[in-house]
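As written, the chain order gives the labels A, B, C, D and E, with residue 1 at the start of each chain.
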């Protein structure tokens, strides 16, 4: 184990009186892909938002390359090389696809590199090239998701925080996106923190996984180990899919509770 | 001849509205807030210049005082954002609207305390001399207003359209969170735009004061400029200019040809008509949400 | 006669042909799914039915009536309810209030009665609440009843949206990606719910979905769309086996 | 800490959620009734003024807070209510008929005016209503035969079944009249909120597109909101006319419209409490400042316009301190007491928040 | 006993505009009055009573004005009102003052309504707008043989009084009323209106506009090369700053008012002292309205003195009605009587010359 690129210690975040993450610690090493699994409302998005400065933590530290960065303004955190591809697209609806991508490279000054990356994004998502002049708000849901991911790539980040990148994408595109992520990780050594509902594909891609429940990390381990866990199988991979109708009401007790 | 005279002075007049409207639009374009104190900013800009240049005050040469006043107002705009508006970051725009209305009260009060409530005249080289082209008379100030407004609109338009910062400002107004995700220092960008609009207000104030007298209530004009900005389609810079010109031109024609009692309502009736047929102004950027 | 019938509908946005001469019919009591690559025009079909968009050509009939004669707000009156791909709830209201808005089309009281809160208003309110509580029970939304929408997890909001559509008491339910963003567990719930909606409530369901597991387990028929036009139609198995669908949509590695 | 147990659907619909709340408001009402015993003429006059503003605030709140339609022209509707009432009474109608009718007529006029304004949103609606407020002034002048033009009108003494009410010589009677109207308007407002229409208002405010999909007719709902809002505002206008004792084209100026909007925002958009809290601030604060100035630096002017300047400054502080309005602060204080001693001190710290464009509808 | 009077104090109230569109009038007037009250208080007051002058700012809004009246009458319990500004505010205020019989002295409104019935408690300082216009038009018409009379005004009671008076004098002199234009207080372009008036052939134009607007009108007319016309202002525009606009913009502008301009008499003893005192106290140059405030306060003090140590409303009113003196500051005779509740009856017609108002005639 090398030095952690990103380390989170005992982080707590609130929405007003509601405590959304309750003392989360985790480590991300350089070049790793870490996935965070968890049911709806577990606090996964909150965790990513707190890392990227969109929310202020109440307690705890976020350490990036040895520096504490928690509570900084979000744009400072981007300047450190941390990119967050948010849940729910969040494109600039009245700007064109091209302008959205340009803004993705806002912090960069190397014109050549930006141009190359733009070509790369268009290469990954040809539909965006086709629609470069269209206002982003009129793209279809999936197209907006592609744009959001493409825009994140334009920043040429050191570490990417991806919040449900597969949301609303067609099965084909989901495969493609994950192939792209794998390639970025392999070729450009981009470190990633991935939050995904589609646990199977996430664990397949990731090296390490964490499981969150009601704001806490309840389980962690290598992706292989998690994949073997009965709980994971039952709740995140959907192995009991073929179960009886009545089984729905009877929820299997999770062993980590 | 008469018609031409009416038209030309209407255009000059409209440019003043356009200038103030530009200030409105700038803020809106970058923050989606409406600065109801824009008219008062203009008044303040005029008074700052007056304070710097008039003989009974600091008596600086006009061409030193004017840029200085523009700088002062830009700084004021930035500081206002820095110390006050930033605390409202992410809060509903109504809060900002109310804040700027209240700010207008304060600005008027401060101007009244410093410069008194009686109308005063700016000692400006622009207020002297007329140009007479074939019987159509235009004051120097009118000519200056037209030239400056057109140049400023072009400049700002280019700025928003062509520069990365301009684009970032638009982005920041559409989705603050996403703008942050892009690494755009949203608060600083908004501070810059408040500074820029302060500078615009100062320019408007100087030109306005060169055309006549000013007093602390001169900012009331802001409402008509607001109407102009809306006619143009709030958020569009050329729209602000066009809206200003429309309001400016309709006025002299209405007072020339309409009966007393009716003429002064023309700009507002026009505004309502425009809105009935184009609910989002002439050059709007309002869309139906795609679901 | 089919419950919903779209005939040769076409819609363009500038140069983009979003729906291209598309015909489809949904029979009463079935679950009909639309799949297709991103940007194929699936949501646009929904928006046509909701009357948010006007087709360039073609016809849409519902229950024998010409839908194109209706204004968008009258669509609900006919018994068509929908959810949105990107969740469009009333954010500054509670879950209960959101569901109650669903009952709006059944409102019979007048403005004056409501101002004075006449007994009839009270009676009606209670009746609405009974319906809504049934929906809440059905969807297990009890813990969230009095919570504001802003601040609920994504998955719960999806369910609330489904609940709001159900509260209108529809004949036809349009679900735009009901399972996107849901966990495996919740997707399974969704599957049971859709089953119940069809079987117990007798509501016809037209849905757009990318989760082929869900699609194949609940739907009777599937339409695959690409570039606004029909690519394939048939049972889930047939469509999934269609080479054109695999090529354009599913990808070779798919389940 | 109080916990509510709901045992029937009626519990959700009741005027007061529980006994405790009922008791609090009953006590408040008793206090209001006894007020003339407790306060002198000056304060009764001020409280009356606050209540009149609160009624106007309720009117605007219904439109802006519930339905999300910003109006900066409500002074025009105050004017319509005020003039209609006076004209009807001059035409021989008794107050008890003329006054309600004045509100209804204002509401109808408001609804008619709303029809062309329906397609307007946000600032576009705001400027249209500003124009309305400005035009009202000129229209009053042009309608001289009815309105008395620039010379204005003086409302007659109110008689209700032989009982005379005059604002200046009988401030207590006038206070009770205003109190009754306040209560009726509040009740109407509350009734709407628990009825389908109130929910439709909120639906239109939050998402027009899904309100439409739920079968809410946007235009019709907005027209109703406008009409009801104007009706309440019209009543406030009629009372304002009595309170002032004289009015003309300049009385209901744009400044009044702006003040009204400020009032409901500072009070807290979307709540009945907000209208009242806002009215206290906006209607009473200038007087407090004047009294404070008198106590501190003497009554005659030292710095001209000081009160207005300080008023502006205080409003700025209010907004900075609590952008969600006083009602928001009130809720926090109440929650704090309810949770006592379990409340965390940073519980109400503002989490960062972000805005999205409103140019998409 | 009498409200607002104690052994040591008399409370005088005023509802004024210190922050609104007429602050340019209200502020200097109140300052002027304060100057006078400070003098008398320093000298021991009137009959041993200090004068407390309580001013409520109405921002030129009726609702605020009514709050001001509520405070002054019911809380401060004022003895009399002085220098209250605005015609609608004053007329609304009468509803409250009259039942209590509270005197209203020298309101800052030259409307004829300031002496409406019941008039026993109302006193004005100088001639009404109506009379000013009558005198002004008569003078100009006689002097320049004018035929066509016109009017520009704000649609308000102030504007109406001036336009009505213009029409009345026009017909009584057998002249013709050629045209009129109306304006909003925020209007700043008068090219259209002036073109209209010019083409109507106006010889005299009476103005009821804001101060700033008046300046612009005269300047614009000059720009348009329209020089054979006389613009006539009333006391509302009779200000030093109007005359002193740089570049001689307002040169040749006429004004008809109830007093003589201050700056023109800066060398005379009394005005000079006043200007020096004012400047020393407020650090601003004195203006016509500050002079008016001072004079009004002076009138009130004289009446209080005349009322004797036993101060009641009746005594005060009698005191007011007994006044008759020459006021060197305004250069007018101030006389009141039981049937004359108007102080200075003179109407002074002045013209701007070399940046100053020069008296032309007095009637």
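Here is the rule we use: a contact is a pair of C-beta atoms (placed from the backbone, for glycine too) under 8 Å apart; a residue touches a chain by one contact, two chains touch by 3 or more.
Worth saying up front: this structure is predicted, and the values here are computed from it rather than measured.
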Contacts common to subunit A and subunit C (chain labels): B, D
Hypothetical removal of subunit B, resulting connected chain groups: one piece
Top chain pair, ranked by how many C-beta pairs fall in contact: B-D
Furthest chain, CA centroid comparison against subunit D: A
Centre distance in Å when subunit A and subunit E are each reduced to the mean of their C-alpha atoms: 73
Centroid distance [mean C-alpha coordinates] between subunit D and subunit C, Å: 40
CA centroid of subunit B to CA centroid of subunit C, Å: 48
Centroid spacing, where centroids are CA-atom means, of subunit B and subunit E in whole angstrom: 35
Multi-partner residues of subunit A (at least 2 other chains): 15, 54, 93-94, 137-139
Where subunit B touches two or more other chains, by residue: 105, 108-109, 112, 117, 174-175, 177, 180, 223, 261, 264, 285, 287-289, 291
Contacts with two or more other chains, residues of subunit C listed in rising order: 43, 52, 84-86, 88
Full enumeration of touching chain pairs: A-B, A-C, A-D, B-C, B-D, B-E, C-D, D-E
Residue ranges of subunit E in contact with subunit D within the complex: 18-19, 23, 26-27, 30-31, 33-34, 37, 52-57, 59-64, 66-68, 70-71, 74-76, 88, 91-92, 95-96, 99, 113, 155-157, 159-160, 184
Sites on subunit A touched by subunit C in the complex: 15, 18, 39-41, 45, 87-89, 127, 131, 134, 138-143, 145-146, 164, 167-176, 197, 199, 235-238, 241, 245, 248
Residues of subunit B touching subunit A in the complex: 164, 167-168, 170-171, 174-175, 177-187, 285, 287, 289-290
Residues of subunit C touching subunit B in the complex: 43, 47, 52, 84-86, 88
Subunit E residues within the subunit B interface of the complex: 19-21, 23-24, 26-28, 155, 179-193, 195-196, 199, 211-212, 215-216, 219, 223-225, 239, 241-242, 245-247, 249, 284, 287
